[in-house]
Amino acid sequence: MREIYLSGYSNFIIPFMIGMIFVLSWCAIGAVRIILQLPADDRKKFFLSLINPRIMLKNIRDWFCDCLFHVKLWKRNKLLGYMHSSIAFGWFMIIVIGHIEVFLYTPERMHQVWYPIFFRYFVAVTENTMKGSFFFFLMDFFLLVILSGIVLAIVKRIRSRFFGMRRTTRASITDLIGLYSLWSIFPLRLLAEGFTADISGGSFLTKSLNTVLHSFLSDQMNMLPTWWAYSIALCIFMCILPFSRYMHIPAEILLIPLRNAGIKVRHARKGIAKLQVYSCPGCGVCIDACPMSAVKANIKDTTVYLNRQIKRYNERRIEEISDKCLLCGKCTAVCPVGVEGDKMRIAQRSLRKYNLAPSYANIDENILISRCNKFVNTSNTNVTSSKNQKVIYFSGCMTALTPAISKATTSLLQKSGISYEIMDKDGGICCGRPMMTAGRIEQAEEMIAKNTAIIKASGADTLLLSCPICYKIFKERYDLEGIEILHHTEFFDRLINEGRLSVNKEDKKYAYHDPCELGRGCGIYDQPRNIVNMAGKLVEGEKNRKESICCGGSLGSLTLSFEKRKALTENALNNLRIASPDTIVTACPLCRSTFNRYSDIPVKDIAEILDEATMKRKR
Amino acid sequence: MSIFGFRISPSSAMNLDTIDRSRFEELCRIEPDAARCMSCGACSATCPASEFSGMSVRKVLLCLQRGKEEEAFRMMNNCMLCGKCTMVCPRGINTRHLILSICRIYDKEDKR
Amino acid sequence: MIYQGKQKIWSDYQKEIPDDHWFYVRSCIRQNFFPGSERMMMEICRNVLGKDFYETEHHTTCGGIAYHCDTIPQETAMTIVARQFALMTEAGYENYVASCITSFGNYTEILETWHEFPELEAKIREMLWKACRKEFNKPKYLAHSSDLIYKYRNDIAEKARFRLVDKENGEPLRVVEHIGCHYSKMFPSKGVGGAEYPYVLAGMIESWGGNVIDYPERRHCCGYGFRQYHVKANRGYSLSNTHKKFESMEPYKPDMIITNCPGCPYFLDRWQYVIAEMEGKTYGQNGYGIPVLTYEEVAGLVLGYDPWDLGLQLHQVAVEPLLDKIGIEYCAEDKYKGLNRKDIMRPGLPENLKCF
Amino acid sequence: MKEIVVIIGGGIAGLEAATQLLKLGYSPIIIEKNDRLGGHVARWNRLFPDMTPAKDIVDDLIASSKDANIFLNTEISFVNRLKDSYNVMLSNGISINSRFILYTTGFRLFEAQKKEEYGYGVYNQVLTNADLENWFNTDKDKRISGKDIRKIGFVHCVGSRDEKARNSQCSKVCCITAIKQAIEMKEKFPESEVFCFYMDLRLFGKKFEDFYTKAQRDHGIHFIRGRVSEVSENINGQVIVKAEDTLAGKPLKVTLDLLVLMSGMVCNPDSTKAASMLHLPIDSDGFLQSSDNVFHITSSPRKGIYYAGACTGPKTVPETLAEARSAVLDIHSEITAGKK
């Protein structure tokens, strides 16, 4: 390899350098700003994580898996995964190999940033070595990989159904510019390298192209315009990058270590929230995932559009989108980059200014305590009480409207001989989760404090919950040291395993619906399935577990009207009907009453079927 | 002025001629369903806050329409936004958002 | 206001009132509040119109206030009333006329109750016999004394020296009529013109040249209400009701108020002073109040009696502007001269309400 | 010879019965005391819930029953009962022998002036539902036309469910009529505020609840649960309405530019008169008494005498029409049973 130009410089690198400097400084300033915007304790946490080798290792793994290989996408959709990883990883490899080449052949040029990018222009091949051919091959190979990805991208652009995506985002104008410039970079590179392949050398792709080109274009002067075009395409892409969805490429690099450091969304627009917005690649996976998309009118209210509107500071739309959401968390679960759509929306809601603020200071918790500190001693001789467990059962507001659940739960408690007390049989204070989802954190905290005082004063050692909405906030926000917080599915599963409840399997098919707050919200998937399997035959809906579809009754949505929820519920029901179950089983009072409204199949809570299945034994 | 030991007591009647309903109308623009309440009282019966502050969405709506705003605010003070009222409303009124909207539109201090 | 509509209602509520031979019973409180009124009633009926009116010093209260204040049971009130009827029977009269609205309401209520429950009447007859060995016939006709003045209104108008018109321009005076609640609100058919738009005072005003004004709170109570005024804690409520009436009639600029109840003129009159002192507000023209007169006083005025003989100096609100407007001559110096020119002393004048 | 059926009353029930009888090949005779057919419905403008023009319905009925013998301006002088038929003597001297008499004598609107406290006929700005329909039809009413109407009140249950007005029955249609008229007024005066004072809202019929919802949400009509206790007039000629808002538990007053009284349906004295000629029983509410109120609502206890429509109690238009058809079918079955 020898250099052709002494200066190692040509004017066509100017556009590239402009783009490069622009995008790098933009990203650097952005990264600094985001880190500065983090609350002080979060910032400290972040820096500490960077020197923690375990986290750092995880960061590296995530960088590779998420940014380059798009493992999550692969898992979801092979074609889509290939398309993304081919471009990302291919490009990455071209850059890396380019640098290696520079390092190997012209180490004195390492400081010239553009050199590895336009390497083929500046050098001429002097000898054919195995090593050289290998690199030429690698370069051409990865270029081919990228080009194949781009072909797929073009196909996807024209026919997204081909990729199994029912709906995709509508690109904004900057996105389109970014897209077309990205598409043009690699064909232009191929063309440029093709023109110079006879001088600089090349492999199967560039060399063959060179031959083809030479067959009708004898003049090598054609090569300069193509290198110019290549550089300009790079410049356009890099300049438009911060304003297009391709910002997700640099943003995700920062998001990964921040997420691994355990930093949560605390402000709606600053710090990690801002980073999440920019990390959104606008892929539109959340559109198909969103339960609201069952109604076409709701498509524009999905997370990808929320991020776009936040970027545009369109406050009216931000409010609409964030208030409409059911907060089922499915978009978060499927997001390839880890944008937390539900948390982002709660954060947006918390920005809202209210003139009237409720306060619970006037509520005398002593009255409530006195109602729930007399534990019922069940004397069931069939079961031997292993430990002197005191369970306080908080049935919750929604269960008050589905008494079948609380009745079955208490019946099961009695059957297993547990000493229990119902915390809110004569009414009580809401768990605070609905208030929290409305973004009124302060009020929710006040309720949490009241309930904490009541539970602590009751003398219980276990807090049993029927409602996943309550369960989530009790798990996440309550500080109940020494008191175990259990959802009834966990609790009953444990009782069955301990042999305190013996279940008679019934010849029935049960389709289990994962409530959003219990499944995606708290990660409880297996215990309910164990119970259902004990009580009968478990069948799954088409989408289940992490992919389960919200029943549509969620309290998370503030603005979705009653009549507009019907279609969502019916969509969720169709998903469960797929295995033609005898009964739909869920573990949430709200899901139960929502489904019951429109279902032609009986809908029951897991406690109910368990209560039935344990009843037979006694006869 | 002489002191008699008694005074002219203000009228307890709600005078619709003098009540300013502009904020209620604003509320109805945001929440058209606010006008659809048929005062069945299901919300009041199920409300966990009614025990503490006498909360009742029905009464709140009525008070706002009849210029008894203070009374409405007093009732709303213990609302926990739990959504039971939304669940039981036969007219399908989105009471939770309604309450949030009231909290935004109305102001204790601002006496229009 | 559609006058024909009211006329139609009035024609539905016509009450039969005999022309002559009445047994007259006075009111407990009117003689203290407006001492000229009942005297003027006798004067007009006996001397001016030449009717036969009998009264006896043996009659007592009807028990109405005690009954309405829940201090005596209705049987007691009935026995008292039965005794009054016995006095009438003994005197040989069949037509019974009461000066007091509450009495009139009380009599009406008792007669109606007896009509519905004859056994109660028998019981009362027995009780009266045990108590004072008297027997009675129920009056053939029962009237309030305003019913009689209403009946004689045209005779009075013929003999009148003055009419209720502004002497300057001949415009009829704007007159507010206020009917005592117990007159016909309980038994609309027993009052002249029913309960909603009673004609009894309106008829007098029309005959004597005035114009009745119909203001929104026309039906509203004067505010007296036995249980309200008599308890000091409730007195503000009593005042508030009067205040409400005045606020309502104010835009119509009334020249005078005519009443037919013992309590109403008193409260409408005196509370104007209280309101003026509390709020600084007066309802008449130029800082005066609106004169409140009883129908007998008005009858006396139009017949040309001396205002001070009618007892108008005992009103809180100055009547002089009204007298001037009608053109009734009076001697300002004689205002506080009583019978036989005896000085009855000048009262202290209020701060905000213009008086003489 | 064609069987003759005497129909007393040329309202929609009479016309519909005549139409059906003609179709079955009988000879109906309609006796109408007024100079026109169509009864109350002919005076109405539009009918709930489809806003059908009342004129269309009446015109259709008149057209389809034109082959019947119709006596306008005619009353019944007397009716004699013969062995198995009736002799009907008309005021115009004609005598008819018939085995069947169908009473379609209808109702009478409660005379709103009887509720003196509401001031109908005393205050300028108080009118009835019938006056309002008349205005919709003719656009002539000096109380409304050309006036600046900003606040309108509707009083439900005027003369209905009112022992004092001697009508304890619910007139059934006033709630929905009030809502219909409230919406119509709101459409005519979009800037106005409309208040409905009700005791209970009885919206039992098909689509009625939709009307209510529409009135609440789309038209912003205020519903106040409380019976108007008194009405007075202020110096500008507006009416001041007082009621208790029973839901708030507070007295309430409002000044209105127009007050519409929803006069209810009361028994028609003419139908009572016509019934007394044959000693037909009268119910406690003053309406004609059917054999029973579940199965034989159109039958009288007397052979050959049938009822249809509001003569037996307040009815909606579709109910009235259905009863007319049902009564005709009863008559038809009796005739055909006799022939066998």
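Going in written order, the chains are labelled A, B, C and D, and every chain counts its residues from 1.
One rule holds in what follows: contacts are C-beta pairs under 8 Å (C-beta built on N, C-alpha and C of every residue); 3 or more make two chains touch, one makes a residue touch a chain.
Everything quoted here is computed from the prediction, not taken from an experiment.
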{"item": "Chain pair with more C-beta contacts, C-D versus B-C", "value": "C-D"}
{"item": "Between subunit B and subunit C, centroid-to-centroid distance (C-alpha), Å", "value": "46"}
{"item": "Between subunit C and subunit D, centroid-to-centroid distance (C-alpha), Å", "value": "46"}
{"item": "Computed distance of Cα centres, subunit D from subunit B, in Å", "value": "39"}
{"item": "Set of subunit B residues in contact with two or more other chains", "value": "33"}
{"item": "All touching chain pairs, where touch follows the definition stated at the start", "value": "A-B, B-C, B-D, C-D"}
{"item": "Touch list for subunit A against partner subunit B, complex", "value": "323, 352-360, 362-363, 397-398, 400-401, 424, 427-430, 432, 434-435, 438, 440, 443, 447, 555, 558-563, 593"}
{"item": "Touching residues (chain side subunit B, partner subunit C) in the complex", "value": "1-2, 4-11"}
{"item": "Interfacial residue positions of subunit B with respect to subunit D in the complex", "value": "12-17, 25, 28, 32-33, 35-39, 58-59, 62-63, 65-66, 68, 91"}
{"item": "Touching residues (chain side subunit C, partner subunit B) in the complex", "value": "232-233, 235-237, 239-240, 243-244, 274-275, 277-280, 351"}
{"item": "Complex contacts: residues of subunit D adjacent to subunit C", "value": "113, 116-117, 119-124, 230, 232-235, 237, 240"}
